[in-house]
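For clarity, chains are labelled A, B, C, D, E and F in written order, and residue numbers in each chain start from 1.
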Amino acid sequence: MNLNLVRPLIRGALDEDVGRGDITSEALFPSSLKGRAQIVAKEEGLLAGVEVAKEVFRLSSSGSMKFSRSLKDGDLVGPKKAVLIMEGGASSILRGERVALNFLSRLSGIATLTRKYVDLVKDLEVRILDTRKTSPHLRVLEKYAVKTGGGVNHRFGLDDGILIKDNHIKICGGVGEAVKRARKNLSPLLKIEVEVENLAQLEEAIAAGADIIMLDNMGKGKMREAVSRIRSHEKHILIEASGGINLENVRNVAETGVDFISVGGLTHSVASLNFTLEMM
Amino acid sequence: MNLNLVRPLIRGALDEDVGRGDITSEALFPSSLKGRAQIVAKEEGLLAGVEVAKEVFRLSSSGSMKFSRSLKDGDLVGPKKAVLIMEGGASSILRGERVALNFLSRLSGIATLTRKYVDLVKDLEVRILDTRKTSPHLRVLEKYAVKTGGGVNHRFGLDDGILIKDNHIKICGGVGEAVKRARKNLSPLLKIEVEVENLAQLEEAIAAGADIIMLDNMGKGKMREAVSRIRSHEKHILIEASGGINLENVRNVAETGVDFISVGGLTHSVASLNFTLEMM
Amino acid sequence: MNLNLVRPLIRGALDEDVGRGDITSEALFPSSLKGRAQIVAKEEGLLAGVEVAKEVFRLSSSGSMKFSRSLKDGDLVGPKKAVLIMEGGASSILRGERVALNFLSRLSGIATLTRKYVDLVKDLEVRILDTRKTSPHLRVLEKYAVKTGGGVNHRFGLDDGILIKDNHIKICGGVGEAVKRARKNLSPLLKIEVEVENLAQLEEAIAAGADIIMLDNMGKGKMREAVSRIRSHEKHILIEASGGINLENVRNVAETGVDFISVGGLTHSVASLNFTLEMM
Amino acid sequence: MNLNLVRPLIRGALDEDVGRGDITSEALFPSSLKGRAQIVAKEEGLLAGVEVAKEVFRLSSSGSMKFSRSLKDGDLVGPKKAVLIMEGGASSILRGERVALNFLSRLSGIATLTRKYVDLVKDLEVRILDTRKTSPHLRVLEKYAVKTGGGVNHRFGLDDGILIKDNHIKICGGVGEAVKRARKNLSPLLKIEVEVENLAQLEEAIAAGADIIMLDNMGKGKMREAVSRIRSHEKHILIEASGGINLENVRNVAETGVDFISVGGLTHSVASLNFTLEMM
Amino acid sequence: MNLNLVRPLIRGALDEDVGRGDITSEALFPSSLKGRAQIVAKEEGLLAGVEVAKEVFRLSSSGSMKFSRSLKDGDLVGPKKAVLIMEGGASSILRGERVALNFLSRLSGIATLTRKYVDLVKDLEVRILDTRKTSPHLRVLEKYAVKTGGGVNHRFGLDDGILIKDNHIKICGGVGEAVKRARKNLSPLLKIEVEVENLAQLEEAIAAGADIIMLDNMGKGKMREAVSRIRSHEKHILIEASGGINLENVRNVAETGVDFISVGGLTHSVASLNFTLEMM
Amino acid sequence: MNLNLVRPLIRGALDEDVGRGDITSEALFPSSLKGRAQIVAKEEGLLAGVEVAKEVFRLSSSGSMKFSRSLKDGDLVGPKKAVLIMEGGASSILRGERVALNFLSRLSGIATLTRKYVDLVKDLEVRILDTRKTSPHLRVLEKYAVKTGGGVNHRFGLDDGILIKDNHIKICGGVGEAVKRARKNLSPLLKIEVEVENLAQLEEAIAAGADIIMLDNMGKGKMREAVSRIRSHEKHILIEASGGINLENVRNVAETGVDFISVGGLTHSVASLNFTLEMM
């Protein structure tokens, strides 16, 4: 992950929490007091965001925090093992505590959940995709956590990928017309993905030359048929399954032979992984 | 909610999603095309964030979007009823779609969950509190959603409330010493809250003059005893229960007689409420 | 003081003064020239803001300025003694000169004035409070200077304290009604302060359960009576005197027995303390 | 004054005061409540900043505040006459109150003080100048207030005027050398001002071709002699008196025949003019 | 073009030019003076940026400027015909003049130049591409101008397209290895482009499965051979010619049969189209 | 050049290019990989912007890039000689490559062109001036490049110099009236420049006391006459020639005896100097 990119975001999160100052710590001990602390996970999971957490403390201490030990993103964590040990100004540690834990908990929660999906289909030729259903302002970080968990990132915004969805199709008057317009007005440097809800739309999409086809909210039978039609037509087309996918049904979907399964819940409905910071 | 306060946040979320432009819509239809759309919930829940969603579309349309119908925050929503109907530039609608839904889904998810907690204890003299375990950058909005669901907001940051926690106590060498320092160095204009983990700490806290005592991770029996000791000493002290509280055990905790129960999961582990936007 | 918090403010002040560059220094000597300089007070007073001044030069020199000697905030200063001696790029020193002196002069002016008020009442159980009548953008710094001078900070903004004032009372239709609404709609985690102008309002405030009562613009006699009524009712209520207080009358007000005296002039009408920077 | 220029400054001041929201007003009345209010001066003075005050309320109300009456900058104000009457959301009025008054009080204080200096020398061919000793971030506004009071603005920053001061002279090794370097390295599109402390430096400055000479901290006799030497040499040179000038001695200084008198105290040690806002 | 996206850029350009205020206009006429003005091209060319110019004046007038007539981007302009007629505050017009003309001149210069390239190859199946050699901060606008002139936009940044260049190849140890790593680590949702300098690299690129091949700085003969090898292997591969292309040689390059020709000079070495603003 | 001033501009340019991350490099090699690279000019010219380029890499590497060799601005560059050699993270080098080259190419292009103009008139008492026809956001840098090439900077914005142009004159009703108003309303601390198009206007300008006269778009004969009239009247007046000046006619214009020649093309129509970055 590129810390330059997320530093303003981290600084903003610190500003949000610290506001005009940590009035409790200021009242309790001198700002010159030094301290040592560790971060520990209170449950088992997959670590993501440890560099973000370190950057929180670098910013809260104007660069003077020292880290004597640190696990790496992608490591397994659990109650017995310190994720990070730091040494520096006690007030800097406490000023960064909640922000660092909030980042770490959410990102590790996402990585842990993604890993569960990935593990359920790991013997198949299919990959787990994320969506744009991320927390406002945190997309780059949350997609990084998905990748840490073994998932693949779909587009990051409206500007770096073409995805023709139901509302576009309604405006254009049909899947075929929509894909045709995209082909005409966009340079061939980008792949064109289109969402289809039934087999008629699917045929239009193939005929119009879509590069990627998203099968939206199809049942297992219909999806299997869709996959087989695409494969019989055209080897180059990639297939994504989407809509209502969860830990219970992901295996079923994967077995239809799609290339990708996108799961909004990876980022929109994730339980944080519980971490705590302890002064030592 | 004060929209002035959150407008920069909403603008930032739009910037994050739109980036250098919505390349799909630009390729499919002229930017002068007008459209009409509705937002509908795909499951039942409590609405929160509708003014945020409207502001997203105001910003994506430079103020030209018209809203012909809108439910209000706190209303119940479900699959049959439009939450919001809007009319304006089709490209402005699609540019705002995902961002508006992301805000609406998360905030309504929080409000819906908070309402569940509140309902479970509504016959008792106890209130549900949030924490600072919020999504970075979204604290003001997420705490607003908690309030919409009937919860009460705890402090918004390190600067607007005094809360002496375990790490402070370790640094000061004890609960009593910590509260005493706070009393001495802070003006009496603010209440002093302190976290205690056992009855010995509790006695120190009472003796040192804490205004609010947080009972952290106590079992039901110990918590009941703690409440009774506080009530026998000093009527003015407020009591907060904290740590590991969920929908299963919140009723038990409430019955111990505490004034407040804080639930981190209200904001750190919430499932989004599912909304969709449909061009009409 | 938390420099992270005020760094953007200091950078903005440098931008304001330096604009597109220091055209005089650029014309007179090479940017590689090194220099040494001291800051000296030209009159006696109480120092505040020396860390701000140092940060100005750190920013103007991209971190390369060295400080070989420095007094501390709260120290007495006068014409004979260097407040700060620095060594670094001559152009960095001159680029920071005016901004550093402007901060230092205003903050030390405030600290010096606050100390005068504090000294006048130091044998009494009363504390000097500041107000929100601060220079736009400088509130955190000016309140820090008040604290350096021995004063106590009242709320920092509309968001970290409840103060029901004359306009609120007019809107609510009375002191009692206003306090009642606050009690109902706000959590008991915060103290409620209310401004009263006469004894009738005072009785309402006590009856409605105010935590802090501000006696606004009362004469000495009426104030004394107000204090005695409050003390006879309810020991927990804190009393603040406010309105038209200056160095001449502060002692009189203090002798009425109030807990706090707030003085707007600490920050809205203060004479700068005169400092100068000399290349050595 | 160009409001575009100061709008970000005003927005920042509102952010500083309102922070996460006006918790008192939110608790006391619905945000839909309308109100009417007037601003009145509590003492006599010269008005400056009324457009800034109006912009505060425009921003606090997202543009919906209506102003039914308003005095203009440069008008005399006093206790009997409304400066500004506004109508709009009551919460918007109260959210803007303190910020608007803080701007208005400081700017009118500066204009009122400047007018006193100007009046003391108005029969003479001399003009009152401000300095860069302004409140950080408020320079454009404070210099506007000086102009409103009849003063003349000296340079706004290090980038829009050349002023060779004592520290530059020390670095260059003399007044003559400094002016010579400036002449050589700067285009003749800008005038060169140099500070001199005695008659020897004055002769050097004249010989080297300074366009403006600042007589720094000279007694009346020496200043008179300096003026006469300059006038005898070279008609084009402008003369500025500077250093320790106050309401008591400004007339004396003016009578020496200088063209300009600069007064730091116009902006660094000014008493606010007292205004109040009343809901009607 | 999405004005929301470029508004901050336009505001920044106005801030850069206006700084602390337009001192000339302020001295010459009252800010209430109304005026009317037209913008006219002083030479023939293709218009681009007229909406940007209008936004400049909207911002300089806080939204009060009226436009009574306006050509559209893509129109031909010349000395006789007004591009834009506006009516509003005279000081707002003059405050925006230079910034509006600077945008208009550069963007129209780019569109005019692009059109020349496009016209030279318009009977062939080839398209003119831009590069990332744009003016810092103006990329979105300059690429928009390229599109207005009939060109096609290549990637907007390092984040929305994969282009393996000479330095990447050196790091990876060869074209084949580089493309292989990209294939493995990137999802197939994006096309992979690789730069090759000779036929050996070309074979590696084809073998490794590149989607787009850039022929960098090849002579006409070698380029023709490269095209023929690619076409014989694999129909899906797109071909881009790059390096040292100008108005003299673009036709020759096009005739080799490539799909795209990228021209850095479209944005890095363009002559402005001359426009003027006249008060009417 | 003051890097503090341009650092935000450089950071913004990096943000523009890197966006959400360099997806190509991330896919090809680990972020821990170290590398070494040099920047070389591909044609001969005058170097400008090397400190900007270094700052780009400092920012892209969070300060960890090392520069082992560097030419200085104003040095001649050409194909054989490294301009800059750096060592650090390979991904940091590639992330900064395009942005650094874009700055370096444009600034060196400007410096190289300016030097050509300066050389053509170097035996005469005349200086080459730039204008405000610069790339939006890059004015400070582009004017620095002009200075590096031996030119002189005219004003940087509307706020640091007075220039009465044709539109002002039309509004005021004549050159004389315009200059008179400027004289009255502006302090004599600034010089007044006025643009004249013919000899009648010239006489008015002289009579009204202009300090600098710009001869706009005059033929050589008329310009010569204008110069002679000004010189016969008034030695102090500076003369600037402006309008349609290029490398072909600059010598002719210079020989009329003007003090300054302003050339818009120095910044609005300049060819970039070609640089490349090579991993070593």
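The working rule: contacts are C-beta pairs under 8 Å (C-beta built on N, C-alpha and C of every residue); 3 or more make two chains touch, one makes a residue touch a chain.
Computed from a prediction, not measured in an experiment: that's the story for all the values here.
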item: Angle (degrees, nearest 5) of the CA superposition of chain D onto chain E; value: 120
item: Copy pair chain E, chain F: interface residue numbering same or different (half cut); value: same
item: Chain whose average C-alpha position is farthest from chain F's own; value: B
item: Gap in Å, rounded to a whole number, between the CA centres of chain D and chain B; value: 45
item: Chain B-chain C separation of Cα centroids, rounded to whole Å; value: 33
item: In chain B, residues with contacts to at least two other chains; value: 18-22, 95, 156-157, 159-161, 190
item: Chain F partner contacts - residues on chain D that touch it in the complex; value: 127, 129, 152-156, 159-161, 187-191, 193, 212, 236, 238, 259-260
item: Sites on chain A touched by chain B in the complex; value: 9-10, 12-13, 16-29, 33, 35, 37, 90, 94-95, 97-99, 101-103, 105-106, 109, 132-139, 156-164, 166-168, 170-172, 178, 181-182, 185-186, 190, 265, 268-272, 277-279
item: Footprint of chain F on chain A - complex, ascending; value: 2-5, 140, 156-157, 160
item: Complex contact set, residues of chain E against chain D; value: 14, 18, 20-22, 59-60, 62, 95
